[in-house]
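What follows is subunit A paired twice: with subunit B in the first complex and subunit C in the second.
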Partner chain A sequence: MASKFLKSNRTGWMMAGPAAVLIGMFVILPFVFAILLSFTNQRLISPNPTEFVGFANYRQLLGVATLTLEPLTDQAGLVQKDATGAVQYPALRGYTRNNPDFPNLVGMREWFSLDWGQSRTFVLARDVVFLKALINTFIFVLIVAPVQGGLALGLALLINQKMRGINLFRAVYFMPVVVSIVVVSLLWRFIYDGNSGLLNNLLSAVSFGAIPRVDWLGNPSTALGSIIAMSIWQAVGFHMVIWLSGLQTISPTLYEAGAIEGASPWQSFRYITWPGLKNTAILVLIVITMQAFAVFAQIDVMTKGGPLDSTQTIVFQAIQRGYGKQDISGGSAISVILFVIVLSISLLQRWITRERS
Partner chain B sequence: MAFSSDTHRLRLAVRYVVLCLIAVIFVFPLVFMVVSSLKPDQQLLADTASLRAFLPVGDISLDNYWAAFRRAPVALFVMNSVIITGVTVALSLFFCSTAAFAFVFVNWKGRDLILSIILATLIVPFETIAIPLLLISSKLPWIGLDGVTVGWLNSYRVQIIPFIVDGLTVFLFVQFFKDLPSELIEAARVEGASWFQIYRRIVMPLSGPVLATAAILKFLAMYNQYLWPLMVVQEEGYRPVMVGLQYFFQLNRAWGEIMAYLSLITVPVLAFYLYLQKAFIASIASTGVKG
Partner chain C sequence: MASITLSGLKKSYGTAQVIKGVDITIEDGEFVVFVGPSGCGKSTLLRMIAGLEDITAGTLTVGGRVVNDLPPKERGVAMVFQSYAIFPHMTVRENVAFGLTIAGDSKEVKAAKVAEAARILQMEHLLDRRPSQLSGGQRQRVAIGRAIVRKPEVFLFDEPLSNLDAALRMDMRMEIGKLHKALGATMIYVTHDQVEAMTLADKIVVLKDGLVQQIGSPMELYHHPANAFVAGFLGSPSMNFLDVEVQAIDGNQITVANAALSPVTITAQTGSYQIGGKARLGIRPQYLTPAEGAGQLQGKVALTERLGAETVIEVTLSDGSPLIAAMARDAVFALGTEIGLTFEACEAHLFSE
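== the complex of A and B ==
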């Protein structure tokens, strides 16, 4: 289309040059730096020169090994048990500290263990916290992406009706989106509070006191779930609007034709609405996935990764190291891992949805 | 007939009830925030046990607000946020629209390459470049009134300049410009108008909708920024409102004050949103028309 216009290199560069320079300096350059720095030992401020360290940062973050141990036995060959009846195993310290027979286990710690009959397999990791962060982030994404996307579609279908005052409801559902996630997180800390939190009061009121009070953010088994619920509450309106704009591209004549054919509401959704939303679905899924992988502010405001690392996430770890500990290279390596994950998942999503169409 | 009209009414009523129940879920936490900001701490805590939590009843005053102002330089934080957000939005509209103009209307060497690089940055989450950007920012030179200095940390510029141009804003302008009638621009060229005149006199006056969209999206992103200012601003003088929140974290749970500060930085944005809600929603929707 632009070929219709006169060629002018000078004008082109004058008008687009500043934008190109800014993107180059503040997006491309740091992106390239992230990759390069992740192979060094760069710190924010350091008296020592920067050195190339190869994959050491990645090995440190992702290093995993297994160790299978037999139970301790006494002289009679019986399995030793402690006071609670739990089977006793040799101390891991004996393998991970200065044991010349196991040089690959040096500095590792227990991540989790599995029992196989009598013997127990320990999964050891160089950086247990980072691996927990990795798993938590995947849990976060795997729950948030379908639930938030699905609820947003439900809301969009509900809002996409000709009813008096429907715009008001649309405006209300969208409201939390314009509120900063930092504000929302602090507000919900109060809602989730273990003593006078609104949620506990509500639950105990509707159950006439049957549901016990829970310290939602202070309990390792509920903290991540609580943050997930709040994140969905805050962002669902955003994706509702995107679904809505997709719904409005579907021609009403299709629904009229469907009604004449006697299609049930489910059939008209299945055969008219859903196929018409294919592109929107891909977009919503990719956007939610990218946003969810970057989860940070909620964690920083609500739990700082705790309790017991149950809410550690990838970005929270990257910031804790890169900024908190001024370990630029470690933080960069985490950033690169995050980027590789996000990129491969969005390519995968594109590939899957392309195969089907 | 009467029967079907009755069921129709019933179904309509059920729909409204469902819509209202959902609305409660979205609104009540925000109502709770504003209402609580008006109550003394003890009453605030006592009220959470009943529906009074959502009603401005009892000992209502603005005391929490005065206390928040005494605790932290709130006015300074608000001013910083207004400066940073306002300047970034203005510069972003100018530089992204001129760039998009060059991509759509001007034929120049390197055009396709630069455009595809800028659009490719859409898949780079900011969080993945934040750490190296911190390092770069700490080493960048700056020429100011006191000569050449090194390091951008603790300044307005470190919160503004990296965010002027982004892939999404350029993309929005490019999409909009592509749909403008090219005859207009050709005619102006024939009459001897310069490129910049065409940009200013013809294209910009037609670009109201996309300017509003880009401005709203940039405004929300900038005003709500947290991670970046957290890292690059240690001095109080340049802190924006979201980072200013930290003053209220550690306290001995002065919830009333916290709610007052939250309301203070949120209610103006909510009011602005409700006033322009059609434009806000249209701007989010337009990001979805990527196809």
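== the complex of A and C ==
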């Protein structure tokens, strides 16, 4: 006869079973698959057998090289310039195509270049679009994490007071979180519209027409910024609620003690509120960072990575590649790269904010 | 140093009035205890003095200055809270120095003042610990340290010992008493514990339902309570009250009796009486002694509590009402035995209905 412990354990497993199966099927299995597929040449639908290709997918994504070239000179040894006066350099394709002297540059394209006096250093990448996506995602995270976290804290401090109708404010700030990001993105496409968008109309109204109309999502220099602003607005209410829960764990008596000792509002915040929010701050920072790294829906609905790849992001690339181009192994490799980045940053954040004894 | 006056002080939350007009004068350097049952408004009154609660009506002066509308820091008060309210993320040193940090004092000044406070409170060895590493008594010491380091004119204590266990409470009570003598500052101390009130106070203020019941020295209140509430509140075990009928009046000499009590003449200190009217006779348990023969009060022993130095018995009187008597020294009373009790008329108190 089974012991009581075993029986109760069996009940426990039965309770946990459905959840464990679902988590296994939809979280753990895909995760393992992504890692395995990223080392193969598997395509989404293909008659060819799958082959193990080692790190080829990663080399393809992250392959970067530099090439320093001297300007072209004429027979007299003078630097050649084109009609606009720009210095002429040898064509890159002479190095990246069929050049046996530079086998490592084969198939690469120019990412960007730097001038050092007369010579110019070209940074070449095997996959320029992915590297742009990587950089865009980092810009997105570096702006969204502090600004969204800070604004959310500001809002939480504002609504953390006893006031008539304060719940209305809480509801209003939280509303964008409840609305689907796809719907929000569609609405903001109208706001950002280049001709009669709400933002353009507002700006021209307050400036009496002095501010020219901007195609916010159609201009490479404003598209990413526009998506960042909208993303911050959309999720700020969620983090506000987390901050608020942190604020409410701080004993009001501490503030009273502070007031008796003569603390100003700023000193109360500096010495009582902020130290009391330390754990909340770590949570908010890690959650925002992870969410921001996964930015996808806004891009897919609003710009599809354009214009001129100025809003490409890592997840958008992973999905476009995996499903759009049916290159599931390439998409998997991108997912794994994202996983490694997020994991390292989370570990780093935990290490920086660790409890010092 | 400062004297404090409260005149006509009132506090309302909406329509609910919790402090209904309080007048108290506190001399410079005095130790005043506000005592009363929970909900009597004693803590609210203290918080009004501290500046943590608005004053609805009346005037509050500290050191001759009206401070009704001044923020807490400008009132020159320091406060020790029941929950200690020490900052969990700061070391003891930082906690004690908090007020100095806020005021922007230099490191040297802070170090000297913290060292001084730590010496007074004998907690030099705790300075580098964090609050989570301290016991309840040590935390309260830190809270007191934070209060004394700024050398305020007035100290406010809000039930500072309520979260401590009995033995520690007694130690800390004595320390607070010594601290008052050492610093000579004005102290206001709120408690619901009448032992703390009796032992610490120069002056006790008994509060009930937002009104002052009596103000006076501990012994004045103990021996000459102004009403039945004060009489019952001070002293442990608390005073027995017997419902009696007035049989004769001669000036302030009132003769009373009831079914269980043979007639006794009491010198009334308060109230007005008429023959045939009802009154309450208060007798402290300690002043009841077993009678040789038939006593003034007759009953059966219902319960005994032997404490070694004292024996407390509950007696059911012949009219069925309970009575508590406390005898000095250990004594054995069998349950159910008939017992007669006597008391000196001069040690009983009479209160009109």
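We adopt the following convention: the second predicted complex is superposed on the first by the 347 of 357 C-alpha atoms of A that agree within 3 Å, B and C clash if a C-alpha of one lies under 4 Å from a C-alpha of the other, contacts with A are read in each partner's own complex, and residues count from 1 in each chain.
One rule holds for everything that comes next: contacts are C-beta pairs under 8 Å (C-beta built on N, C-alpha and C of every residue); 3 or more make two chains touch, one makes a residue touch a chain.
The shown structure was predicted, so the numbers you read here are calculated from the model rather than taken from an experiment.
**Student:** Identify whether subunit B and subunit C fit side by side or clash on subunit A in the overlaid structures.
**Tutor:** Pair status: fit.
**Student:** Regarding the shared-chain residue A:331, is it in contact with subunit B (first), subunit C (second), both, or neither?
**Tutor:** Touch status of A:331: first partner only.
**Student:** Tell me the contact category for A:27 with respect to subunit B and subunit C: first, second, both or neither.
**Tutor:** first
**Student:** Using the superposition on chain A described above, determine whether A:183 touches subunit B (first), subunit C (second), both, or neither.
**Tutor:** First partner only.
**Student:** After superposition on the shared chain, which partner residues are touched by A:254: those of subunit B (first), subunit C (second), both, or neither?
**Tutor:** Only subunit C; A:254 stays clear of subunit B.
**Student:** Which holds for A:320: it touches subunit B only (first), subunit C only (second), both, or neither?
**Tutor:** neither
**Student:** Where does A:271 make contact in the superposed view: on subunit B (first), on subunit C (second), on both, or on neither?
**Tutor:** Second partner only.
**Student:** Look across subunit B and subunit C in the superposition and give the shortest C-alpha distance you find, in Å.
**Tutor:** Superposed model gives a least subunit B-subunit C C-alpha distance of 7 Å.
**Student:** Residues of subunit A that sit at the subunit B interface in one complex and at the subunit C interface in the other, please.
**Tutor:** Common interface on subunit A, subunit B vs subunit C: nothing in common.
**Student:** Sort out for me which residues of subunit A touch subunit C in the complex.
**Tutor:** These residues of subunit A touch subunit C: 251, 253-254, 256-264, 267, 271-272, 275-276, 278.
**Student:** Quick one: in the complex, what on subunit B touches subunit A?
**Tutor:** That would be residues 12, 15-16, 18-19, 22-23, 25-27, 29-30, 32-33, 36, 45, 48-50, 53, 95-96, 98-99, 101-111, 114, 117-118, 121, 123-136, 138, 161-167, 170, 178, 182, 185-186, 189, 195, 199, 220, 223-224, 226-227, 230-231, 242, 245, 248-249, 255, 258-259, 262, 265-266, 269-270, 273-274, 277-278, 280-281, 284-291 of subunit B.
**Student:** In the complex formed with subunit B, which residues of subunit A make contact?
**Tutor:** 1-9, 11-16, 18-20, 22-23, 25-31, 33-34, 37, 42, 44, 155, 158, 161, 163, 166-167, 169-184, 186-188, 190-191, 196-198, 201, 233, 237-238, 241-242, 244-246, 279-280, 283-284, 290, 293-294, 296-297, 300-301, 315, 318-319, 322-323, 328, 331-332, 335-336, 338-339, 342-343, 346
**Student:** Which subunit C residues qualify as touching subunit A in the complex?
**Tutor:** Result: residues 50-52, 71-73, 77-79, 81, 83, 85-90, 98-99, 101-103, 146, 150 of subunit C touch subunit A.
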